[in-house]
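Chain naming follows the written order as A, B, C and D, and within any one chain the residues start at number 1.
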Amino acid sequence: MSTPFLYALVGTGLFALGLFALIIHAHLLRKILALNVMGSGVFMVLVALAKRTGDAPLDAVPHAMVITGIVVAVSATALALTLMLKLNAKSGHAELPDDRRE
Amino acid sequence: MGAVFTEFPWGVILILLPVTGGMLCFLWPQIAKITGLFIVFAVALLVVGLAWQIFDNGVYRHAVGGWGAPLGVDLYADGLSLLMLAITALVGIGISVYSATYFKHEQAVLFWPLWLFLLAALNALFLSADIFNIYVTFELMGLAAVALVALAGSREALGAAMRYLLAALLGSLAYLLGVALLYHGFGTVDIALLAERAEPSPIIWAALGLMGAGLLLKTALFPLHFWLPPAHASAPTPVSALLSALVVKASFYILLRLWLEIFGPLVGGAGVEQLLGLLGAAAILWGSVQALRQTRLKLLIAYSTVAQVGYLFLAFPLVAATGVSAWSAVTYLVLSHALAKAAMFMAAGNLLCFGGHDRIADLDRVVQRLPLTAGAFALAGVSIMGLPPSGGFIGKWLLLEAALMQGRWDLVVVMILGGLLAAGYIFKVLGYAFTQADVSHESKAVPASMEWAALLLAVAAILLGFLAVPVLSLVSIGDPFGIGEVRP
Amino acid sequence: MSAEIYAILLSIVMVIAVAWPLLLAIPALHSRLYWPRHLAIVPVALLAVLPGNVSLQLPWLLFGTGFTIDDATRWVLAMSVVIWFTAATMITSSKQGFANGRSTTFFLLTLAGNLGAVLANDLVGFFCFTTIMSYGFYALFVQNGNAETQRAGRLYLIFLIIADLLLFEALLLAAFTTDNLRFEGVREAMAKASSSQFYLWVTFIGFALKTGIWPAHLWLSSAFKSTNQATALLIIGVPVVMGWLGAVRWLPLGEHAFGISAMIIQMIGVIGVLYATLKLCTPTSVKIVWMSSGAASLFIAALGTGLAHPTIWRQYEYLGYPFIASLGILLALLIVTIGWTQKTRHQHPAVALPRVEILNRWIGATRQWGEDTLLGLQSLWHVSWLKVVKHYQYSSHWQKLQDFVAGWNATITLFVLLGLALAWLAA
Amino acid sequence: MNWNAWMPPLMIASSLLPGLIIFGLTEERVRLRTVLNLSGALVKLVLVGFVLWGVSQGQQYETRLALLPGLELVLRAGPLSLLFVSLSAVLWLVTTVYAIGYLEHSPHRSRFFGFFSLCVTATVGVALSGNLITFLLFYELLTLATYPLVVHRGTEAARHAGLIYLRYTITGGALLLVATVWLYTLTGTLEFTPQGFLDSLGAEHHTALIIIFTLLIAGFGVKAALVPLHGWLPQAMVAPAPVSALLHAVAVVKAGAFGIVRVVYDVFGVEFAANLGVLAPLAWLAAITIIYGSLRALFQDDLKRRLAFSTISQVSYIVLGTAIAGPVAAIGGVVHLVHQGLMKITLFFCAGNLAETLGIHKISEMNGVGRRMPWTMAAFTIGAFGMIGAPPVAGFVTKWYLGLGALQAGQEWVIIVLAGSSLLNAAYFLPILHRAWFQEPPSTWPKEFDFGRKETAWMLLLPPVITALMALAAGLLATSTFSPLEWAQFIAEHEFSRP
């Protein structure tokens, strides 16, 4: 088992953990954090997979992707936090209303 | 003259113009409305230019800044992309005209930049040639859409926006993981190159699973539709229209592209398409029944979207033998649903604005006092029900043809049932246009532009029923479905 | 004036004879005219007296119908003119409410239908005009009538509808068999057709219902009992005589011997005559009903004979129409006479006219005559050889027989003689 | 420039455009609306007359517009189409006049006349359709255009009726859609062809074809109110009288019957359908409908409901004539398209007049009404006699040809059905006439409106009188040139002569 593959596995693990947290936690901040963890997992996979087989030079493209991804993730997190704060201000608690259809 | 048209980088401008416009609106809110409207109309003209170019030169490919793949960004447009761009521009105009009088003060200041960003993201998405670019534009679109939903500011809207955001992020992360796997497997993110290099492997399956799940979540295919009704129902009207008409279609477009170019040829026949068809059928039935049960108009329309999305997926199991009609059907359904659903949401918005509520049972005093709006709702309804003459009918006809050619009676029954249920919920609303209720109701005048925007979009959905031949020949430019070009 | 021009003129008169009453039936027209009913009869009266035979085809009317006037038709036409004229005069002179505008419309409609039926030379035309006539007559009959009239009218309507349905079937059968629907054509074709028996019966029953022979006489008795004199006259002139006419025109007479069917028809006729005769003798019966029924039965008997022996029919064909006409006139005459007698005795003829007693009284007079004659015979009888059994007490049976014979009257004698003569002719 | 190709779209536009403009008018613009309505109707009549003349001169009028790759929207003025088009054009004019008079003071007139024009547009479209998909298109349009008319009154009952109407028609439309698409996948064409276009299909497809036929008949049967599918029609009686008149005489019911005629003649072909064995059940179905409708009519006290059940019965004459599968019966069926229209529209106009003038809705209230409204009741009488099939009104011609056709095709049982139906028709119409003419009128009418010395408004009186006279003329002058019968004969020759 090569190192990059290990990293990739860990990344996938993070993704799965994040997903789990996203689903089970009600508080929005936890959910947002969980999403960030998932994001990190994906980025980790990307970075790890930049190492091609054999002695080929490192591929720059995934890194570029990761940078872009981080930018996106930051803005998304910012938006999410703002929304959460607004929701908190309106409803008094930072959780999703449970009734889905009304 | 001709050369200017054919060489001009229409695609790049199509993305840059709205972005710039969004910036301008953001910086100078007082001119936001004018700028916004101007930009939207300009985008429509640009799409026409691009269409001209594609007609003359065939498929459009442009390496931005001359970099080219793999590091640079490629723009690509064939018939399918062009059509998506065109419908975006068209619905965009309607929404902009509507919004120009709908949003006031604070909301207007926020709406225009967000909407122009969203427009830019959509255009970029439809022009993207690689899957990573798609991710970026997809995310941008999602964020803008979430912000737009939150614009209403109410508790429900914020909650719905939050839910939508979580779903969107989850979806795009899954998609991104899929991108990573594909890149690892085949060393490229360019769709065309991937199509050449890809071969059946576990990576393909894993990527399909991840990307598919992500995209289905954002397309709101049953049972992953949970976020859609609240978001669409509680957003401001133009935003609901936008989300139902365009944003949902964008993620479907990606799914369609990936399936056509990469996954379809590799995993076809392994049951995936059957699964999608099954989910589509379930969506039709579930969505329609739910729509029928709703007591509020916007929720009804939102559930109708859930059902209509189902129709798009019915095509997947039908492609195998017939080719042409199934995909043409999908194209047509996408187009007509975009127009009709936008019109429908706008009509609902007018009723809401006029009467101050959207409880269906109390609509009787409202509907008959807004004949144009009622007309818009009815015409849009005709297309949604798939009754002739309308775009929806053409789509349904093609889909039925495909289903019958393969003897898929189960799907036929689902389609017919879906149509009947649709008629049920549409006429549930329309019936209130014909009551004797006296007009003792507090009301707020609805600006004419809002009524006409809805009506014209609905009329466009009807007229689409007569344009099948040119539209289908347009969409076959560059042979996106791999079945040869359709001759008019 | 050349013959051709005369023929054309005659045709024009013929068309006008039918069209003129129809036109006058429009209320706005006849309400502005004096004596509209009489005016309506003028052209047809003219037609009846003008000599010459002419036939006119109107291919655009219905399925291409036509009108014919010839010597045979003229008999019936003349009879109709007389009856209608009398009825018109009666209605006009009466001060009753039934001389209003609406009744004039119905009167004229019925008249037009009647004339059309007489003049029509094909099945469809005949059928069509009799329909107009019958429903018009129904209207004329029930309007202003009392409950009894309405009941009679309802009965009449039921018979009429069933009869029309049957005749329609006959018509279809004829049209299916031949393209030529003129009377001669149909007669010829139907005699040869495989469905001739069926055709015979459908047509026969249809017309029998319309003419009200026994056992379909129910409506006639109610009708005569409850209606006024003018209408009673028209009952004879309209449904009854036209039924006879129809039967003669439609049935394939003189072409084919129908054997058993013809015999059955003959028998029905004879039974009808006998039954009517019996009824006439009962004092409570409405005599005119049974006279009309008896006349109809007599006609049926003759018809049966004609069907059984085509050669005889052909020989005496020319007598058919005069026969119908004279029967009609005879019955009409009876009604008028009754009315007249009554008028002289009562101040309010319209009220008392249909009462049975008056009828009986008139009949009683003739019966007296018959009784006298017969009693003379009876006394002879007694003297000659019933003396032998004079010790026998008159049994009750004997008494009944005697009563029966005593009830015999001159009218019956006449009819029986007429029937016997005809039967003899037929044989 | 081929002007002939413009005629069919012009015929459609002559009612579509006024309709669309009328939608935009405010309630108060009575005069402009009236002018638009009448001029549209007149223009259509002139166009139809012109085309009729042209067709008799051997001209072809056909318009094609690509709808889908391989499928076109075809509008063609063939003989059968023209028969139906002429009927709708004439009756539209008459009904428009009537409707203007009828709705003089009621609300929502712009909406009403807008949909009214749309309804006629759809009917003309149905008539002119040259293939099944065009037919389907206009057929559904008809559903949509008539719904607002049915619920026009806006009462709870009206909306309930509208709902039922929609349930039936939309489901029927869905069946049609399936059948049409299926047929298209089998043959690749949907073009109406005399004697059908399915001959070439092999025996292995016959089961499929039987199912398609059933689906098509079920689809059209909903509108034609064939017996198990007739439930909506009596309900739809809540609509205003001009609507009922139009619905029953020209538009909806007739479109269904016309569809069945088209399917049998120009899709399957009589011979092919007979060989397939589908015509005999159809004939039985029609016969059952005829008897059932008449029986139900007997027990209705509401005048319009009685007329509605009578329609159910009468329209099946058309179907029966088609299903008997002989040239003569075909004449009877086709000609009844026109005859039933003329007669039934008269009856409904009269019923409307009674309701509008005296407030009479029930037969039991009709005592002596003939004295109060003689012209109306005279027209009603002619219509009723036509329905019974008494000569010389048009209904007689129909029954004549149906009966003769049945004899010719060796189906004698039809005669019994016809006779039974006539008997029942007489049983439910004659009592009405008797009441109206020969019973004493009551001292007060349920709800009398004042029209001065006249019996009712002239706009209400003229239409029934005209249609009654037309019904009379159609029977009386049946064999003259340009009579409906002559056209029907022409059509039947067309259909039954092998090229």
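Following the convention adopted for this analysis, a contact is a pair of C-beta atoms (placed from the backbone, for glycine too) under 8 Å apart; a residue touches a chain by one contact, two chains touch by 3 or more.
Note that the coordinates shown come from a computational prediction; the quantities given were computed from them, not determined experimentally.
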Open item on the list: Starting from the defined contact criterion, work out which chains touch chain A and chain B both, please.
Closed with: none
Open item on the list: With a step meaning a move to a chain it touches, how many steps does the shortest path from chain A to chain D take?
Closed with: 2
Task: Between C-D and B-D, the pair joined by more C-beta contacts - done: B-D
TODO: Taking the mean of all protein CA atoms as the centre, name the chain whose own CA mean is closest to it.
DONE: D
TODO: Among all other chains, pick the one whose mean CA position is farthest from the mean CA position of chain A.
DONE: C
Open item on the list: From the mean C-alpha coordinate of chain C to that of chain D, what's the distance rounded to whole Å?
Closed with: 43
- [ ] Let me have the rounded angstrom distance from the C-alpha centre of chain A over to the C-alpha centre of chain C, please.
- [x] 108
Open item on the list: Report the inter-centroid distance (CA atoms only) between chain B and chain C in whole Å.
Closed with: 85
- [ ] Specify the contact topology among the chains shown, as one of line, ring, star, complete or other.
- [x] line
- [ ] Let me know each pair of chains that touch one another.
- [x] A-B, B-D, C-D
Task: Contact set on chain A toward chain B in their complex - done: 12, 15, 19, 22, 28, 31, 35, 38-39, 41-42, 45-46, 49, 52, 59-62, 64-65, 68-69, 72, 75-76, 79-80, 83-84, 86-87, 90-91, 96-97, 100-102
TODO: State the interface residues of chain B toward chain D in the complex, per the touch definition above.
DONE: 324, 368, 371, 375, 378, 382, 385, 387-389, 393-394, 396-398, 400-401, 404-405, 412, 416, 419-420, 423, 427, 431, 433-436, 466, 468-469, 472, 486-488
Open item on the list: Give the list of chain C residues in touch with chain D in this complex.
Closed with: 27, 59-64, 102, 124, 127-128, 131-132, 135, 139, 142-143, 145, 150, 157, 161-162, 164-165, 168-169, 171-173, 175-176
- [ ] Over in the complex, which chain D residues touch chain B? Could you list them?
- [x] 23, 65-69, 73, 108, 111, 133, 136-137, 140-141, 143-144, 147-148, 151-155, 158-159, 162-163, 166, 170-171, 173-174, 177-178, 181-182, 184-185
Task: Residues on chain D engaged by chain C in the complex (per definition of touch) - done: 371, 374, 385, 389-392, 396, 399-400, 403-404, 407-408, 415, 419, 422-423, 426, 430, 434, 437-438, 475-480
